[in-house]
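Before we start, here is the structure in question, set down as structure tokens.
Just so it is clear, A, B, C, D and E label the chains in written order, and each chain counts residues from 1 on its own.
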Amino acid sequence: MRASSRTPLTTRLWAFGVWSVVIFFVLNLLGLIGSVVTSSFATRWLGTWFPAGFTWKWYFAAWDEFQLGDVLWVTFEVVGWVVVISGLLGVPAAYALARREFPGKRFVVLLLLLPLLVPSVTYGIPLATVLYKVGFGGSLVGVILANLVPTVPFVVLVMIPFIEQIDPRIESAARVFGANTFKVFVYVLVPILMPGVLAALLLVLVRTIAMFELTFLVAGPGSQTLVVALYYAVFAAGVRAVQSIDAMAVVYMVTTLIWLIIALRFVNPTQIVARAKRDTSH
Amino acid sequence: MTVGSTKFETLRLEGVKRDFGTFNALRGLDLTIARGEFVALLGPSGCGKTTALNCIAGLLDVTGGRIMLDDTRIDTIRTEERGFGMVFQNYALFPHMTVRRNVGFGLKMRGVPRAEIDRRVEQVIATVRLQGQADKLPGQLSGGQQQRVAIARAIVIEPPLVLMDEPLSNLDAKLRLEMRGEIRRIHQSLGSTTIYVTHDQEEALSLADRIVVLRDGAIRQVGRPDELYAAPAHLDVADFMGYRNRIPGRVTAQDGGRVTISVGETAALIGRPCDGLVDGPAIAMIRPDDLEPTDAAIGIPATVETIEYRGREFHGLARTIANQELHFRSSVSVGRGETIRLGADPARVLIYPGATP
Amino acid sequence: MTDRGPTLTQRLRARGLDGVTLLVLPCVLAIIALFIYPFLYGLWLSFQPKDGTTMGNYDRFFREPFLYKTIWTTLKISIPVTILNLLLAVPIAFRVRLMKHQRLLTTILVLPITLGTVLVAEGMLFYFGPQGWFSRTVMALGLMDHAPSITHGYWGVFLSLLITGFPFTFLLTLSYVTGIEPALEQAAATLGAGPAARFREIFLPLLLPGLAITFCLSFVQAYSVLPSAILVGDPANTTRVISIAAYQAAFEDYDYSLASAIAMIMGAVQLVVVAAILGARTLVYRGPVAAAKG
Amino acid sequence: ALAKPAAPVTLNIVDVAGNLALTQKAIDNYRKAKPEWVSKITFSKAPAPELPGKLKAQQDADRVDIDMVLTGTDVLSAGVDQKLWQELIPAHAGDLPKLQDVFLEPAWRMQALAQGQGVVVTYYPSGPLIEYAPERVKSVPKNAAELLAWAKANPKRFMYARPANSGPGRTFIMGLPHILGDKDPQDPINGWAKTWDYLRELGETIDNYPAGTTPTMKALGEGSCDMIATTTGWDINPRVLGVVPKSAEIFSLAGFKWVADAHYMCIPKGVKADKVAVLLDLMNHLLSPEQQAYTYDEGYFYPGPAVKGVTLKMAPADSQAAIAEYGRPIYEKLIAETPIELPLPADKLVQAFRRWDEEIGSRKGK
Amino acid sequence: MTVGSTKFETLRLEGVKRDFGTFNALRGLDLTIARGEFVALLGPSGCGKTTALNCIAGLLDVTGGRIMLDDTRIDTIRTEERGFGMVFQNYALFPHMTVRRNVGFGLKMRGVPRAEIDRRVEQVIATVRLQGQADKLPGQLSGGQQQRVAIARAIVIEPPLVLMDEPLSNLDAKLRLEMRGEIRRIHQSLGSTTIYVTHDQEEALSLADRIVVLRDGAIRQVGRPDELYAAPAHLDVADFMGYRNRIPGRVTAQDGGRVTISVGETAALIGRPCDGLVDGPAIAMIRPDDLEPTDAAIGIPATVETIEYRGREFHGLARTIANQELHFRSSVSVGRGETIRLGADPARVLIYPGATP
């Protein structure tokens, strides 16, 4: 057979199919987000294509009602610390688990799996009690500690396959040239693992922003995060305008979005190894 | 402070063993290397050369024996504290760093000031002829360029012990010669000790002070290049050292430094007895370069099968009546299919005990 | 300094215990400190039912269809969603991998991760609702003559999990995919492997460890779905997932003991699935996926 | 008599019932009026269900930082069950007004549910009422049977939310035994036979039960259903907020009785005595008619006040305006003429919810 | 059905260009390769050899020109449809497959029956001497073993066109010779066409029917091995082909096939004019093997700096008064520091036009 065109029909069909799915997904996604955003600015929106009028008042109302300024600041602090600490604890542990076979490894893996598997209902209250007992309850530290319980194991599990992907000889080279474990991490592993670390930490960030249960149980008056306010708006008793819930949801989205954009601005989720080689692949 | 950053007097491998599961990659190496020596490790593919280097560098734990640097036991010390330099067979460049940063890595780890790093890196990049490529990533380099980065990275830190694993395998002849010169020059000017794995006998012969021949994870012979070249201690070493013609025979005469063996019906070879040869079946080993057409009656008769022009001379392949291939050299062209007699200078014929069937 | 055998450290190292192994310690200690006691307490609590017997809660759970059925309901949602997410994420990641300007698309595809379950739920109620843009468009285009009922049911939860779970799966998959050395694909191509064969023979085996972890984590997330099951589902019936049962026990009946028991069962079910996947993971190749040289 | 604290205290008040909308201004007034008693009051809001857990965690650790909880009957009784609250009456009866005298009669009955561990702060007669869109519903049902007939004739057009998550939903099912004349309206397990049958039959016309009142309001507003269960507050306030068109109308089923609802003030165990004194003082303040007038709000808990002698005239001007525009004159009459019943006690209510979930919500036997 | 799986008559590169950003790795290659030919690509590291192979294999898109297989344009066809075999410079073995499965991969893709795959794989594994290693993963192999797997994987599919990128660089001399023989044998027995990148001139000279010399992404010379060896068309090709001594001078006499240049004050060299030399400054190129101590008065005077034993002879380095290094060969040892005169057979001296300053 003499093929004359670059890509055969099946491949083009496949690509077309994949792109169609992507476009369909993105369109609906944007419609979905758009609905909420539009609604959050609506005075009244009842059974028409577009609302009757637009207003900022739901945002101002939410801002005042929940003292969102403070809440956002606390949220940023909590999230920042949780991300950093779970990275610092999780990545090295993942490294050890990926590179070494040692007795008791299965046990450690199970230990790390449990916090992800067991719902926080079970351990949330006793955890809060412990934290209150040692005096961290109601404080920022307490909220951060409680959030580490699910995020650290999460980082470990996500990172293990990434580390396994990396050729250990590259680390060997770094050691030969005088890098100790710490420096191997700083100069070699973390930069190469960056996409993985980024992905893991971004997900940690999202999970932390979204972690209602543990945060609520441990938070004090000054350490409430955004999600507590949001959940109140949604689940609390009483009448609440849909628009004000939407406004809270939009604030929540924007908060997370800022982090996402910052993260993707600085780091590309594709691995550098592949990027350098992209020219040679097609 | 790393151990290796101070000068040492000797590096000793004492019964170093390394197993991979049930496979014994190193079966107990004993070797003493003096400071300033240039030692080449030579041996067939898969004999354990890389494994040995890795054990010395600390990338693999030994499973037996120990490695001593003067009186310090180093096999228990972590890699990064040994302070050696190494060129990896697969280069193992850092994929996320430019050439410049790859080369500067070791210096940075040693806390050398920025400005000096820059200066030294620039210099060594010039040494390996990579001036134009300094800002590329390894993935954007050709194979030979990557290999040169690996060399530069190892030598820029001026380590007291340099381990090189086939560092020139991907370079062209001209560059290889240049690099060989540079490696030798750096070795001498730094007074460092070098362990050099190569598959290229010529390279080993011309660079090394001493050559260690490995086979199946064990040392077969250690010696100066000329010793190894002229007098391999065992048949397999000779085989490996380029004695491609392997002619079985039977000892017919012994006379001090010379022994005569009969080959087939009519022919005979005279040569030096090796490896304790006394009597009985024997094998004569001759390099293709030393086997030439001869007029002598005892020359081994063989029919020319191929003849190739190799620069100034011809290399040929002939087949004896015993269906044995012989590689020979000739300064004149001989015709294909012609039957000639081949012989060699007795000083260049090595005769080993043959396998008793 | 006379021994010639391996030293203690070396023997330990041969068993995998060395400085690097110690890196698990901080993490393990943190988990032990923060998690083990509360977890054991929860476990203990689950054996202290209101009726005073030890196994009362578990007994009750497996006796009442209203409770035990939730396991099946949950699996029926979470497993298909997780699988579908992976099935979508992998080909898309493969496409995106080849793009020169992938950052924008990546950002858009990862966008839903920022939405949070509440926004997704609200959005779905709006967008797919009878008066939403989706239904209006569908009807305007004449594809259907009445508004499709997507929300408040199985498909509502399914979609919302798909939307929130996809970016998660996609992000991880994309980063795992791009970690694979392109030369391997090229080598396979020179040996006559077409795109499908390359995927099956080269990428898939190399990706499996990563996909296994991704599967487990997405599954765990989907399995513990609570807000979307309540907000866009039919929490009384088709989407009465196990976490609703636990939630109701804890926060509506204030029966923490039963809630703990349900949570333990929930964890155990997940553990079975996750252990199966991770166990299978040990069977496949795990190791560097760069071109092996040297 | 209450002792003034040595130094002004700070108070941390948690609202799990949306009560602050009604009382925050009044509480702020207290801080302004008595700066030597309180220096600062922080308000937090929390979804109701999780709060007992949080309090329990704090009490187990003996570090309670929540001083007062404003709650509905659900958390109130959960707290009573789990012994989270301090006893107020009789322990502190002397420091509070004589409740039986000041409270409206139904409010006083509601006070009994607190078993002395909380004090009613706001009260309203609630429902059950049915709200509908007059453009779409031409013939308005008058009694339960007609409602059922209408729902059967218009499947999926009648809606009420899952009772456990919805005030109107729970008021609806608690009101039905009175309307249908069930054996024992206070016993959902043995006394509600007609109610359960009715709900089951009604359920056949209902597609799904949203987890919250808001979606039902939205559905009515958008036109995806025509008739929903509601209460006085849920009738007025969503129309003020624009979720439901102003034109929506209500009706009540023949033979209906109000099922009251109230919010309570509770003090968790572990709060120190000096703060308790301030809190009691605050309660006194909140129960005064001037402050109670704030609870008219925008009709959210219409009418709102728990004590006697508080008229709409006393409420702030904007509150009066909202109620003038969206309120319904008929409420005054209905409240005056219809008997007011208490809601189920917490344990019975949980039983009712459970039975509803198992039999109606999951449509067993369908 | 792949394009290449049917026999073709010629493979033509027509002005093939490849840029990486602003860097021109290939600047327009024109080359025609006939079926059954064995062509070696030779050139300094980084000259574009791998790039050229990648373009032919379809791993890189060309950015200009086209590649024709008879009348079919193949640069627009996907790699897997070209059906060529390739040995990658960095092996690119599948890390998750055993040696056996790596080797069998191509056959599996072609839908060859299981039993036949097994048979052919076994056979080719024996050919590359990896019998004992067939069930190891690539990560458990030594460098040379991996390289042999890469060779086996490419040849087992018996492709009509085989592309080999430095396939023997990590093998020892003995094995390299063996493998060279195997590659040649397979090339002949299959009648396939081979494009072979090597940095080893000897390998190119002995294996190839034709050699293509690349430099900076352009073809400098194409010719038979003996042509290239004896008569490089340009100075740089000569340089690359091992003419290490580069002696500047000035033409003093011209006589048909011979030209004489003066070197320094007293010395002169006679040789063959190349690359259109007529008059003026010139550069004489001589291989180290051809430069020998001489008694002639016109010999170039130089002081011996190093002298090394290389098997049968000595290789030396001497320095002229113009501070020029000369590599020479000597059959007798000469002392370090001694001043000798060096000369060469005029037939082996190539004289190129020198740079006009």
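Keep this in mind: a contact is a pair of C-beta atoms (placed from the backbone, for glycine too) under 8 Å apart; a residue touches a chain by one contact, two chains touch by 3 or more.
In UniProt terms, the chains line up like this: A = ABC transporter permease subunit; B, E = ABC transporter ATP-binding protein; C = Sugar ABC transporter permease.
Quantities reported herein were computed from a predicted structural model and do not represent experimental measurements.
Counting hops only between chains that touch, chain C reaches chain E in a minimum of 1.
Each of A-C and C-D has its own count of C-beta contacts, and the greater count is at A-C.
Here the spacing of chain D and chain E, counted between their Cα centres, is 90 Å.
For the pair chain B and chain C, the distance between mean C-alpha positions equals 54 Å. Averaged C-alpha coordinates give centres for chain A and chain B that are 54 Å from one another.
With touch defined as above, residues shared between interfaces to two or more other chains in chain D number as follows: 49-50, 53, 218, 222-223. Multi-chain contact residues of chain C (touching two or more other chains): 19, 131, 181, 183, 186, 231, 247, 250, 256, 287-290, 292-294. Shown for chain E are the residues that touch two or more other chains, namely 20, 59, 78, 90, 143. The touching residues of chain B, when paired with chain E in their complex, are 20, 42-46, 49-51, 89-90, 133, 140-145, 148, 165-166, 169-177, 199-202, 205-206, 225-226, 229, 239-240, 242, 244, 287, 289-290, 308-312, 315, 348. Contacts from chain A toward chain D in the complex involve residues 43-44, 46-47, 66, 124-126, 128-133, 135, 137-138, 213, 216-218, 220-222, 224, 228-229, 231-232, 234-243, 245.
For chain C in complex with chain A, the residues that touch the partner chain are 15-24, 26-28, 30-32, 34-39, 41-43, 45-46, 88, 91-92, 95, 97-98, 100, 102-103, 105-120, 122-124, 126-127, 131-134, 136, 163, 166, 168, 171-172, 174-176, 178-183, 185-186, 195, 209-210, 212-213, 216-217, 220, 224, 227, 231, 243, 246-247, 250, 256, 259-260, 263-264, 266-267, 270-271, 274, 278, 286-290, 292, 294. Note for the complex: chain E touches chain C at residues 2, 57-59, 78-80, 82-86, 88, 90-96, 105-106, 108-110, 137-139, 143, 146, 153-154, 157, 163. The touching residues of chain A, counted against chain C in their complex, run 11, 14-15, 18-19, 21-22, 25-26, 28-29, 31-36, 39, 46-49, 89-90, 92-93, 95-97, 99-103, 105, 108-109, 111-119, 121-127, 130, 145-146, 148-149, 152-154, 156-158, 160-162, 164-169, 181, 195-196, 198-199, 202-203, 206, 209-210, 227, 230-231, 234, 242, 245-246, 248-250, 252-253, 256-257, 259-261, 264, 268-271, 273-275, 277-278, 280-282.
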